[in-house]
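Below: a set of structures, written as structure tokens.
In the two complexes that follow, chain A is the common piece, with chain B as its partner first and chain C second.
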Partner chain A sequence: MKENSTIKSLDPRITRADIPKDGQLSIDIKPLDQWQTYEVFHQEKKGDHHSHVGSLHAPNPEMAFLMAKEQYARRGRCVNIWVVKTSDIFTTNFEDEDMYTTNDDKMYREAGGYKVMDRINKYKKEHKKKEAVK
Partner chain B sequence: MYGGGYIFDESASTELDDAKKLEAFEARIEAGEKIEPSDWMPAEYRKQLIRMIEQHAHSEIIGALPEGTWITRAPGFKRKLALMAKVQDEVGHAQLLYSAAETLGKSREDMINDLISGKSKYSNVFNYPAETWADTAVIAWLIDAGAIINQVANSKGSYGPYCRALERICTEESFHLKYGHDSVVFLATGTPVQRAMVQDALTRWWKPIMHFFGPSDKISVHNTIMMKWKLKMASNDDMRQKFLDMYVPKIWDLGLNIPDPELRKDEATGKWHYTEPDWEEFKRVINGDGPCNRERLAVRKMAEEKGEWVRRALMKQDERYITPLA
Partner chain C sequence: MSSEKNFGLSEEQTKAVKNLILRMADDELIIGHRNSEWTGLGPILEEDIAFSSMAQDKLGHAQALYNILHTMGEPDADTIAFTRNEKNFYCCHLVEYPIGDYDFSIMRHFLFDTAEAVRFDMLTRSSFQPLANLAKKMRGELKYHTMHANIWINQLGKGTDESHIRMQKALDECFPLALGIFEPSDYENVLSESGIFDGEKLLQSVWMDITAEVMEKSNLKLPDLDSVTPSYGGRKGFHTEHLQPLLDEMTEVYATDPTAEW
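The block that comes next holds the complex of A and B.
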């Protein structure tokens, strides 16, 4: 009876587990079953900024760090990792990106807002004329 | 590693979308910009992307099972360590891909439920058994090779989080490919028994390998909008041709026989001729009637059930779900 109702696998561990062939999922996988999400930032080498590399699910910061190490620092360079709960990050929408553009009336804050060559050239021209008159 | 042969919806309707926003969206893709989670996107783009990334994630999770079959009986400690590392990589890839899919608004719990109920699909090849150790070698070499061709193409697609996940995944795949090639070469250059073993595995796996890139362009709905939106970066047949071009010579180099009498390269056109794979079987297997579909899902179900108490024990009262940012 049991022989025919459980999975027979090439993997002996699966055969030993006596998994029913036609069982329905006996649990309800509800929201937060996989916990909350964390965002991961890693630093490739000392002196670099930390950069965002992706997100993961974890029940607490310590587990988030372990998962981040496995998922985002498995290959390649990494010297440091930050994990932050996604819900703790405040962001703006790309739709509002115009708030970051520099307005024309704030050019006094930019290097390009200061143009001196016209005045210098004008001054030099006039100065030379005066020299010539003398 | 295992993305390939995605099943898309047949129609992509854009009727309901704002025409101006759609135009701006398509212009950005045309210009090679990446779309990010908080950007406006057509409903159909979101839907097809979720389906595609989710299928890819499920394929990584289920794909760990055929190879995992042989971990306990790997020939030697070094091979056991390497196979364990590879299988862990695949499960890690699933984590990266689930995270990318979640940025589009489908929760991980919903994706797991849809996998177990059979609503979501995964790559068809993992519904076939790994009968011997040599099967794992052939999978690691040739299925991973197929996946790399598909993933390198898709990493140049339009959705930022998916592209970034694929880039990270492709870096790890390069080890799989070398490991798989090494394993096949070891058997193919070994004793007559070892050679026979790897030849058998190749014969068994040729059909799933040819199925891997999905139905022929002749019969699959030619979805121009998927190409235009850079969700699909190459046609199924183009990827299959690329695979044959890169790997058939390497297989023949080892003196192994590919079980297709029609297989040859037409030097005039540069295209490979092959026996058209059985697409009816492909459909039958993807819809549940393959040699291992039932086992794969039963094992996944058992893992969710047995792990539940751990997940619950670690759950906290103040947790709240926020869609990942990028």
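The block that comes next holds the complex of A and C.
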């Protein structure tokens, strides 16, 4: 009876799991069964800024770290990890995006607006020449 | 055999070292294979990835240990891993059992990895350099493995009524099997006298202290040592009914063409 009603697979683990062929699993998922999300920040080198690498599910910060380590620091360099509950992050709305725009006529407030690059480039050029002469 | 191949060990010491490494490597290979059975079936995606990654680490440990045997004149890692039958395997019974439910697998992971970490810590001071070097290299990886195990035991031991009951049952089930990790070999004296390894007895007592502490913090009750019979035999080639089917499954692809280049 059981033989015919469960999924047979080339993957022996699936066969062993006795999954009904009709796909009806007797699992009752309630709203709070889902863990909250945490945001993960990693640091590649001591002294570097931590940068956001993604999010994950965990029931508490300790376990969030456990998951973060394998999720985001398994490959590549990492010396430190921060995990922060997503709900603890205060964020602005995208509807208010317009408050971040700077009007074109205020270029002098931006670093790129300073008209010194010509002078810097001139100095660099001269300096290089001198080095070459030496 | 040249003395170089034997790292300056006597014949008896060589036998002892090979036996020790084979026991350790077989444990790693079988637990790694078992735990990898959770890949794709883990309780949640994040844990699935973490547990699978650690299973892969275990296979890496097995390979590194088999490689040491290879430098001592034994066949290469694949041949040792995939061409023996159960009588020639020296893993303990704990690692052979099917994965069961996640409570069983997590409890086994804790009990095994705690012993593994203590064993490798002891081996960082081994007079046999290849083992000492490997042990030092594995320190960071094992730190994460044991941290993962400790946090899960604590989380589930103190979680809900159901998780607590399940973890206690898993502990009662795993404990006698875990004691089988420390089944003494015929070489205990040789190993400790030559400073290669301080022995299963010491390992077990350190393991007991750590295990007792973690279980107490997790509201779980460690069975009385005198009330259980350790599951011995694995270290001598006597196994549970679960090992041979696992070996058959594990070597199924390899056996189709042992000479194939992968």
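Following the convention adopted for this analysis, the second predicted complex is superposed on the first by the 74 of 134 C-alpha atoms of A that agree within 3 Å, B and C clash if a C-alpha of one lies under 4 Å from a C-alpha of the other, contacts with A are read in each partner's own complex, and residues count from 1 in each chain.
By definition in this document, a contact is a pair of C-beta atoms (placed from the backbone, for glycine too) under 8 Å apart; a residue touches a chain by one contact, two chains touch by 3 or more.
Just so you know, these numbers come straight off a predicted model, no measurement behind them.
Participant: Just chain B (first), just chain C (second), both, or neither: which does A:His57 touch?
Facilitator: In the superposed model, A:His57 contacts both chain B and chain C.
Participant: Just checking: does A:Gly23 make contact with chain B only, chain C only, both, or neither of them? Give me first, second, both or neither.
Facilitator: Only chain B is touched by A:Gly23; chain C is not.
Participant: Based on the superposed arrangement, let me know which partner A:Met117 touches: chain B (first), chain C (second), both, or neither?
Facilitator: A:Met117 sits against neither chain B nor chain C.
Participant: Given the touch rule stated above, what does A:Val133 touch, chain B (first), chain C (second), both, or neither?
Facilitator: Touch status of A:Val133: no partner.
Participant: First (chain B), second (chain C), both or neither: which does A:Lys69 touch?
Facilitator: second
Participant: Given the touch rule stated above, what does A:Asn93 touch, chain B (first), chain C (second), both, or neither?
Facilitator: first
Participant: Counting residues of chain A in contact, which comes out ahead: chain B or chain C?
Facilitator: Touching more residues of chain A than the other partner does is B.
Participant: In the superposed view, which residues of chain A touch chain B and also chain C?
Facilitator: Common interface on chain A, chain B vs chain C: 12-13, 17, 35, 56-57, 59-60, 63, 67, 70-71, 74.
Participant: Mind pulling up the chain B residues that touch chain A in the complex?
Facilitator: 36, 38-40, 65, 68-70, 72, 88-89, 92, 95-96, 99-100, 102-103, 107-109, 112-113, 116-117, 129-131, 161, 164-165, 168, 171-172, 175, 294-295, 298-299, 301-302, 304-305, 308, 311, 314-316, 319-326
Participant: Once bound in the complex, which stretches of chain A touch chain B?
Facilitator: Where chain A meets chain B, its residues are 7, 9-14, 17, 19-23, 25-27, 29-37, 39, 52-57, 59-60, 63, 67, 70-72, 74-76, 85-87, 89, 91, 93-95.
Participant: Please name which positions on chain C make contact with chain A in the complex.
Facilitator: Spelled out, the residues of chain C in touch with chain A are 37, 40-41, 44-47, 49-50, 53-54, 98, 144, 147-148, 151-152, 155, 249.
Participant: Given the complex with chain C, which residues does chain A contribute to the contact?
Facilitator: Interface residues on chain A, with respect to chain C: 12-13, 16-17, 35, 56-60, 62-63, 66-67, 69-71, 74.
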